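Shared chain: chain A. Partners: chain B in the first complex, chain C in the second.
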Partner chain A sequence: MNMYLYELKAYRNATMIWTASMTGLVLLMMAMYPSFAGDAEAFMDVLASMPESVVQAIGIQIDSIASLLGYYSYIFLYVSLCGAIQAMHLGSSILSKETREKTADFLLAKPVTRGAILISKALAALTLLLATNIVYFGAASLIASSVALEPYDYGAFALISFSLLLLQLIFLAIGIAAAMLLPRMKTVLPVTLGTVFAFFVLTFIGSSSGNGKLRYVTPFHYFDRAYIIQHGSYETGFVAASLVIIAVCLLFGYLRYRSRDVHAV
Partner chain B sequence: MPIIELNHLTKSYGGARGIHDLTFQVEEGEIFGFIGPNGAGKSTTIRTMLGLIYPTSGSAKIFGKDCVQHGPEIKRHIGYLPSEVFYYDNMRVKDLLQYSASFYKKDCRKRMIELAEVLELDMSKRIDDLSLGNKKKVGIVQGLLHEPKLIILDEPTSGLDPLMQQRFFSLLEEENRKGAAILFSSHILSEVQRLCDRVAIIKEGRLIALEKMSDLKDRTYKKFKLQAKNELPEGMFAIEGVTEWNSKNGEASFLYQGDINIVMRRIAELDLLNLWVEEPDLEEIFMHYYAKEA
Partner chain C sequence: MNLYRREMRAHLKSLLIWIAGIIAMLAAGMGKFTGMEESGAAMNELMADMPKALQAIMGIGELDIGTPIGYYGVLFLYLLLMAAIHASMLGAAIISKEERDKTAEFLLVKPLSRGRLLLCKLLAALTQVLIFNLVMLTGSILVIGSYTEGESSAGAILSLMAGMLLVQLIFLTVGMAIAGAGRHPKRAVAYSAAVMLLTFLLSMAIKISGHIDYMGVFTPFYYVDAAAVIDQGIGAGYALLSLGITAVALVVLFAGYNRRDMR
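Up next, the complex of A and B:
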């Protein structure tokens, strides 16, 4: 419990900043929706004149962009990018902290098992991500209902927004695994940004080439917003894939954390 | 029951580093010196005992329990001061100490304040702002606040001024009187000499000697260097125990092992300008052990 509270406190400020920026992003972009929707016809003409693959690559669905959910889907791509960076950074940073700050000798000499340390850290990270999502979801719902010009499918909206948490859990697990794969990691940010952007670029390639298999490679594609709007649910296969990734990464992190030698630096 | 029991403990990293086949015991209430030059494997041994690294073969037991299997249980009664103290930045000394205390199921507040007072540690300061010596003090308080039964110190005195070193040593003696065993690792023999009952000497990962401090002292050399007003008489120091005799223009240096009074009487017969008597440093003691082995 003490370790959990300590980690919560240590990452409180960073989480508040991430939450504020993601909330700010959605508020700002959604606030522009009414004026955007007014000129949607002209905007769609412009989009239609662009090569199809480019439009797909940047994640725009021409036929639905003028609707609230379509517009939100587009913004959400960037929210989820932020969310992924936050989650992976949190995961790898919280676990590699002992080696980076040379505090392993402090923590591991205390009467606790390594499993307990890992679980406290993972739970603290989970709590912080939940807090981020609650705030984000509240703000997004509020702004969506206040800018909506006509009734929209709140269920689909909620599902899209909730996919932020799922995506973040995937990247949290990847971050934890990364911290164990690179035990001498000195700075977390380059590894985080590299990984997240690599997946993000794969998303663009996957979208424009229309290759179905490639979707499994990039978590940004797991929760397809067009599909959610159409069917009102997630795609089972990708939910399963998420769970597998999370389970594998966490298991690897756990086994590695328990068994590795912690060297003096 | 021995407090620490190492049984053919080996940790290899493939190369020359690591430790090989270490076997020794630390008894209850003992202050045990663990000396060796840098890179000899002292920290590796300690880190294995604390479960920071896992042994390749052999075992380490503390309080009769295996270090790998019963880590948390054992560590409840261990106080550890790492050689390099780094603590979470952005924390005040007080917060860190309270965090440290929160791992033990007892109220450590009183002892924490006592220790901080003895060492003159300002608990309201931020850890980043502390000097090396003050960080070391945080480490000491952190290691002692739960009144452990075994205190493990890895090069504990670096950065402490002589006054604080004295206070720290008295703290250790006090803990020892209360029943705590102490494992004191160092590369400076004189610190170990003052406190320890027994010493283990380790070099290149192997135990090369394990003896009582008193025996070690008896058998070590003293370095003499003297400067006389006149030429030294021939054969003046041709007595048993004198080695490496060097003399030139009234200056002489030699090593001596044996009853100090005999050599002092000889020296007293001279008209001296100056005299140096030095303890041999650790390196020279190692030389001595190497010579013995060869």
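Up next, the complex of A and C:
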């Protein structure tokens, strides 16, 4: 319990900054929605005069982008980028900082098992991410309903926003596993940014190829927002895939942390 | 000179990983071009009429994605992002790691002025950034050359890479200045990453809104907009501005580091 509270306090400021910047990003982008929707409307008229085949190639996509949910799902990509960085950074730094700051032998000499240490740290990270998501979701709903020009599907909006939490959990688990794989991690941020941006760029490269097994490679593709808007649910296969990734990473982290050689100062 | 060699060796592994990463990205990204080519012409006509915001959302802008160089321009934004991450991380880390690893004392008692120390580190970082850029340049020319028939687009790639170098210089020196002159060397890497991320998000916001172009001055990603650079090369104003930012960052770095208390 002490460890849990201590970690919560240690990461309080960082979490507040992350939450504020994610909310700020949504606010900034959503503020542009009304003017954007106007532009898109004008373009739809041009589109109507185009040959049928061309319209079919991109028309549907544009139709969905011009709506509030479509625009939000585009912005959401950048929110989830920030969220992923936050989560992975949290996961890998919360475990590796003891070694880095030479406090590992102090902590490990306490009368707690290594399993208890890992669990309190993981719970603290989970709590912080939950708090981030609650604040973010509240703010995003407020912003969305204030800029909406016409009623939108609130259920789909909630599902999209909720996928932030799932994505963050995946990256939290990846971060924990990374901290165990690279025991002498000197700085967390380069590893984090490298991994997250590599996945992020893969998303862009993969997105033009459409469906296929390639989507399983990058977590940013797991919660396809177009699918959520259309069907009002997640794709089962990808939810299963994320649960598997989380479970495997956490299990690996737990087993490795219990038996790992921790250097004294 | 010893310090220069030491820094080169210390960062060799991460540089190699980065280079492998960008080459893979380049190859994978351009591999997608084959599919785009056929539908390109019809798409282009339509794209030209699109509002700016929609173009930005589809990642296309004013580029002609039917040609290899135009498609490369779309990819360029992400390559540029990777280069910026590399440069800002390297700049902040190369200075702040001495204090992080508690080797600052050891280094500062050497018969070496702080100015020379910074110079060696700066040179080492510059060399690595240059290597990154040259690898990207040759890689791009080779990959795009294999798709292009007829006229070569080496000139456009050359000016894109010159633009990338400017952006790398900005983020490298700003990162070094944050670490060298700031009060919290331990958090320097985080601050430097935050600056880089903020400017990237700002450049996306500018593209989507289409009404706040004047904000472009604040984000280096906007200085080397792929469509404009392929068309007319780098704007002289933006080139001067980038060099100016670099110079200011260097002055801050040298002035700040010389009078700072080490932790």
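The rule we apply is simple: the second predicted complex is superposed on the first by the 242 of 265 C-alpha atoms of A that agree within 3 Å, B and C clash if a C-alpha of one lies under 4 Å from a C-alpha of the other, contacts with A are read in each partner's own complex, and residues count from 1 in each chain.
The definition used in the following text is that a residue touches a chain if its C-beta (ideal position, glycine included) is under 8 Å from a C-beta of that chain, and two chains touch if they have at least 3 such contacts.
This structure is a prediction, so every number in the text was calculated from the model and none was measured.
Chemist: First (chain B), second (chain C), both or neither: which does A:F204 touch?
Modeler: second
Chemist: Now for A:F36: first (chain B), second (chain C), both, or neither, which partner does it touch?
Modeler: Second partner only.
Chemist: Can A:Y74 be said to touch chain B (first), chain C (second), both, or neither?
Modeler: second
Chemist: Mind working out whether A:L25 is in touch with chain B, chain C, both or neither, as first, second, both or neither?
Modeler: The second partner, chain C, only.
Chemist: Is A:Y6 contacted by the first partner chain B, the second partner chain C, both or neither?
Modeler: first
Chemist: Looking at A:L189, would you say it contacts chain B, chain C, both, or neither? Reply first, second, both or neither.
Modeler: The second partner, chain C, only.
Chemist: Any idea whether chain B or chain C touches more of chain A?
Modeler: Of chain B and chain C, the partner in contact with more residues of chain A is C.
Chemist: Which chain A residues come up in both lists, the one for chain B and the one for chain C?
Modeler: none
Chemist: Tell me, which parts of chain A touch chain C in their complex?
Modeler: 25, 28-29, 32, 35-36, 39-40, 42-43, 46-47, 50-51, 53-54, 57-58, 61-62, 65, 74, 78, 82, 85, 186-187, 189-190, 193-194, 197-198, 201-202, 204-205, 208-209
Chemist: Can you list the residues on chain C that touch chain A in the complex?
Modeler: That would be residues 14, 17-18, 21, 25, 28-29, 32, 35-36, 39, 42-43, 45-46, 49-54, 57-59, 78, 81-82, 85, 89, 93, 97, 100-101, 189-190, 193, 197, 201, 204-205, 208-211 of chain C.
Chemist: Could you please specify the touching residues of chain A with respect to chain B in the complex?
Modeler: Contact set of chain A toward chain B: 2, 6, 10, 101-106, 108-113, 116, 259, 261-265.
Chemist: Please name which positions on chain B make contact with chain A in the complex.
Modeler: Its residues touching chain A are 43, 47, 50-54, 71-76, 78, 80, 82-84, 86-90, 99-100, 102-104, 142.
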